[in-house]
Amino acid sequence: MVVIMKKKASEEDIEAVITNLNAFGFDVHRSSGINQTVLGAIGVRPGFDHRIIRGLSGVADVQRVTEPYKLASRVGREAPSIIDVDGLHIGGHAITVMAGLRSTESEERIKEAAKQISTSGASLFRGSILKPRTSFYEYQGLESDGFKVMRQAADECGLKLVMEVSSMGQVEPISEYASMLLVQAHNMQNFELLRVLGESNKPILLERGLAATVQEWLMAAEYIMRSGNTGVILCERGIRTFESATRYTVDLSAVAVAKVKSHLPVFVDPCQGTGMRDYVTSLACAAVAAGADGIAVDVHHDPPRASSNGLQAFNFNQFVDLIVQVRKVANAVGRSLHQ
Amino acid sequence: MVVIMKKKASEEDIEAVITNLNAFGFDVHRSSGINQTVLGAIGVRPGFDHRIIRGLSGVADVQRVTEPYKLASRVGREAPSIIDVDGLHIGGHAITVMAGLRSTESEERIKEAAKQISTSGASLFRGSILKPRTSFYEYQGLESDGFKVMRQAADECGLKLVMEVSSMGQVEPISEYASMLLVQAHNMQNFELLRVLGESNKPILLERGLAATVQEWLMAAEYIMRSGNTGVILCERGIRTFESATRYTVDLSAVAVAKVKSHLPVFVDPCQGTGMRDYVTSLACAAVAAGADGIAVDVHHDPPRASSNGLQAFNFNQFVDLIVQVRKVANAVGRSLHQ
Amino acid sequence: MVVIMKKKASEEDIEAVITNLNAFGFDVHRSSGINQTVLGAIGVRPGFDHRIIRGLSGVADVQRVTEPYKLASRVGREAPSIIDVDGLHIGGHAITVMAGLRSTESEERIKEAAKQISTSGASLFRGSILKPRTSFYEYQGLESDGFKVMRQAADECGLKLVMEVSSMGQVEPISEYASMLLVQAHNMQNFELLRVLGESNKPILLERGLAATVQEWLMAAEYIMRSGNTGVILCERGIRTFESATRYTVDLSAVAVAKVKSHLPVFVDPCQGTGMRDYVTSLACAAVAAGADGIAVDVHHDPPRASSNGLQAFNFNQFVDLIVQVRKVANAVGRSLHQ
Amino acid sequence: MVVIMKKKASEEDIEAVITNLNAFGFDVHRSSGINQTVLGAIGVRPGFDHRIIRGLSGVADVQRVTEPYKLASRVGREAPSIIDVDGLHIGGHAITVMAGLRSTESEERIKEAAKQISTSGASLFRGSILKPRTSFYEYQGLESDGFKVMRQAADECGLKLVMEVSSMGQVEPISEYASMLLVQAHNMQNFELLRVLGESNKPILLERGLAATVQEWLMAAEYIMRSGNTGVILCERGIRTFESATRYTVDLSAVAVAKVKSHLPVFVDPCQGTGMRDYVTSLACAAVAAGADGIAVDVHHDPPRASSNGLQAFNFNQFVDLIVQVRKVANAVGRSLHQ
């Protein structure tokens, strides 16, 4: 931490800052120039809120030298993490494809979807039972025995089931069925939920918030890991920008940054990110080329008739084509596809 | 709703769309030009998801004519809403000031703060008992008998207590003490929470999400109102943009827009929005000039020593000065300050 | 400037950085901790590109301590600048109103507009002769004897004429007629143009770019000032964000920030910023409450029939009402309106 | 164009709008429901400013059905454009690599760079003679006989020379040497410049503005094409968002969108977009996977010592590695690399 004193800071101000830093356990080095003094506070105190120093009299600015996360950081942990999802290894040489439905369908449709996507090359099956929406008036999936049906469909096809959790109370019941729990973007900073997930033994797929920086995303991962659950996979699904040609702006630089800054695996969800099927294959291939460890795709037996988000979903034939393209790019960057 | 057909749409496509719209209860008017057909679907179906039509064969685009919210809309309800918070009327002629602490303090400090701010002109006292933070390592307020202390302090000074709720389970216990419940920005789309709040009889202060459009903010209000609780007050507290000179960008246009589109009262929180005390008075005055019905300010007996967000808090003397300025602007726009 | 060395930086790396800094005239103070070394480079070298140091071996990060601008900075120059526009003093106690047309009108209409706005309380008349547009197909004003007409109209009503310049070649001819030159947002980083303006003796009204930070805006001002022209007035007119309810997002925090960081006067253009007449009066009042030294408003004798931007323009009666509101707020913040 | 009337619009209002639309040559179809009337205006008038209708009495909203650009649109022109740059074909099967220097170097260094990059697989050589910067105090390249040297270096290595133009006056002199002219992001809406480029016979590489939507980018291309020069190549180089881990946010969705909406070739510049060498190879591969027709890379014989933007430049060995990676991905998506 570097503390920059104001030009007008008095000697008392400077000494008070040094005393404070020492009290918090930092070793302080002082650099005084003609106009200004700079203090270097050496020491690692991950829990330290630098704003305490920022508010002291005579302080112009405080700048962090190290990232505010530690467990999620690649510093001191060079090898990428491999997360075990009921036997499926995510983050290694093989790239993972997750596919799933965005709305509740009949048991038959669920089984058909599981069969089709497992045949095509997906390893993860994303289910969606209860779907609160931005508008009360829009379609909402119904909670049901759907849990069992989804799990059964996944099991029969050798897929691992991934299910969304959106409140603390859902973690336990859904964990009975799901192999991995998905935290949606709007819950990325729902800290009560993150804390409960930190105590879970299920891997967590953590979507980046629409307005979250990569640093905040890694901090949310840290939050989960700090409570004991180190099985975190990141998922980029678009950030909010001024561009309106796509629903959100898929930020593939964030994949490159996250892979450099963190050892955690990174997924990309181009369906949610673009909101338009026409752009999904391009972005899925780009994500893999950028270094993603997995991609997430929406499928539907008849997208134009899907009750929710049909515009961004693929039918099964389109999904097969997507997988073919993605596999070629995976091979080009020296990786493979699961299965 | 206007349905724009593709140039290549077949007659069958067009007829299928019309049949669908009729089935949903819309009256359809067809306009066929040489190149393209446009269908006007007349009728109000607030619960209708227009994406169902968007996905049909031959459809180029679907555009909403009416806003997707209804209860929060000013259409058909010209008079601004006045929300009753335990006898305090918010949204009328008088502008409301809410002040509070961002971190847990001793009973003595809490009582001192309540006394000081009530003397200065605030009517609402915001308490903060449990404060989950973006980083596990940063300061977190501790849950405690604090509830009682805060309520008592508020009561003794004639203030109404406003408390944050960040999960469903907190709604009931906190409602025992608080006169109004605050939903923070990162929970604006926590629909489970919104649903429970919709069944509450407490007024709700709903912060705008960092990446939420005004429309989405009003949709979140609608979500609460739809469950029966019409006592919603909006709170602008900054959106995320590329500008880094302030913590967020306070969007005062959003106040003007929300006041035109909705009958709900609107607050502005310039402390959180700017993150810097130096800019707060300017923004508080600007908010009132823009039409805000209330402002929220952080106070602390000694901001540089606050354990959390001290940079944006006011000491009591500064708070008095702020109130003096805000009152002058309130009078200039034909309003007064509560008390 | 603070140079943070990597944890793995060798002693040679550190010494090479120190040698480099010394060569550029900096006094260097070294702070070595157990894990990491931090170098404080003391000295003011406004022309120094810190990226030269950033690229040296072993350097983790370089952080600026002082702002990169100097002439535009308030540091060492506490009093706000007052800019003389042909005898009109901008930036002092009185707030200035600029009003004008967005499109070419007949001589009669121009004279009518000048008369109406001067009677209502404006001091600056913005003319618009040549108007290149984002689309070739949209309306473009025609160059003409319009220059003379506008100047004559301004003179007859005691207004100062402000005209846009959008290329180097326009600076000289337009300077013959205009009292102040306006740089539009999309030219804020047109450095060839800025350089020519820096050699001009006309005051410059510098709009903030749609994607420009406050720092970059002040850097553009610095660019002009550095060439000798210190008569710069800043103009906030909205930044680009995800919000689409308004055309752009008027950033009134930027006014507060610019007033703290710089001694230059700041205007706000709520018409361009919101793009909607309904929101302009609220934002104009808010701008003045936030500390703006002037506001810019579009007028038209019949806005619905304006060939360009009619949606955001005021008719003359509406303009009178706006002025009345703005004057009240100006008085509330201890200022007056010109005239 | 669809005109949505207000609920309270009178019959006179509606008729006035219809009369107006007819006068502009539109065929109008009226759909009247119980609450609201919608008018469909059929006809293609690319030069029509829909705001004229938007401002008429009783009009609630006007929505465009067709894109506002025509020559740049893929509608009616399915095949992608292939642009001839002095014999080099851009936009076809082969992907083009442009490499170049960001700052002025000695004749020897320029020739070395040309040789190295042509050997590695680049076909375009970007020169930079005069470099105005955001700060007057930062490094600026010096104009010189550099033109000749760059052209000679390019010719000797079989490269085509690409040079930046930043004002109208530069177009003619630079055209004597360059095979393609580059418009930087901050000039994307410098319409005077675009008009002159429209009259040029040189292909134009048009960078997307930092705050420009894809639609505005295509409109800028249209602006050039409308003046007669159809040789336009688009270049995505990052947009401004809240994310600060990278300099800008490279928007690869924009590549997918531009390829669907337009027939023009699209380049991506990952060096400028990320500002950090560490992320460039990932993004370059991702760009090609997303469908880009070319990529632009900064090189330098010794990046840490580059006077400008050294952080994002590649040395020649790194450049060779990049090309190897990019070629593999190009092959995976069924394309090749030039040479």
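Note that the chains are named A, B, C and D in the order they appear, and that numbering of residues resets to 1 at the start of each chain.
As a working rule, contacts are C-beta pairs under 8 Å (C-beta built on N, C-alpha and C of every residue); 3 or more make two chains touch, one makes a residue touch a chain.
Computed from a predicted model, the values in this text were never measured in an experiment.
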### Connected chain clusters in the absence of chain B
one piece
### Message
From the C-alpha centres, identify the chain that is farthest from chain B.
### Response
D
### Message
Centroid from C-alpha atoms only, then distance chain A to chain D, rounded to Å. What do you get?
### Response
31
### Message
Measuring centre to centre with CA averages, how many angstrom lie between chain A and chain C?
### Response
39
#### Entry: Centroid spacing, where centroids are CA-atom means, of chain C and chain D in whole angstrom
27
### Message
Quick check: what residues of chain B touch more than one other chain, meaning two or more?
### Response
211, 239-242, 244
#### Entry: Touch-based graph of the chains, sorted into line, ring, star, complete or other
complete
### Message
Quick check: in the complex, which residue numbers of chain A touch chain D?
### Response
211, 213-215, 239, 241-246, 249-257, 259-261, 273-274, 278-279, 282-283, 285-291, 325, 328-329, 331-333
### Message
Can you tell me which positions in chain D touch chain C when the two form their complex?
### Response
46-49, 51-52, 54-57, 68-69, 132-139, 166-169, 186-187, 189-193, 195, 209-211, 216, 219-220, 222-223, 226-227, 239-240, 303-311
### Residue numbers on chain B that touch chain D, as the complex places them
2, 4, 7, 27, 29-36, 38, 40, 42-44, 60-61, 63, 65, 75, 240-242, 244
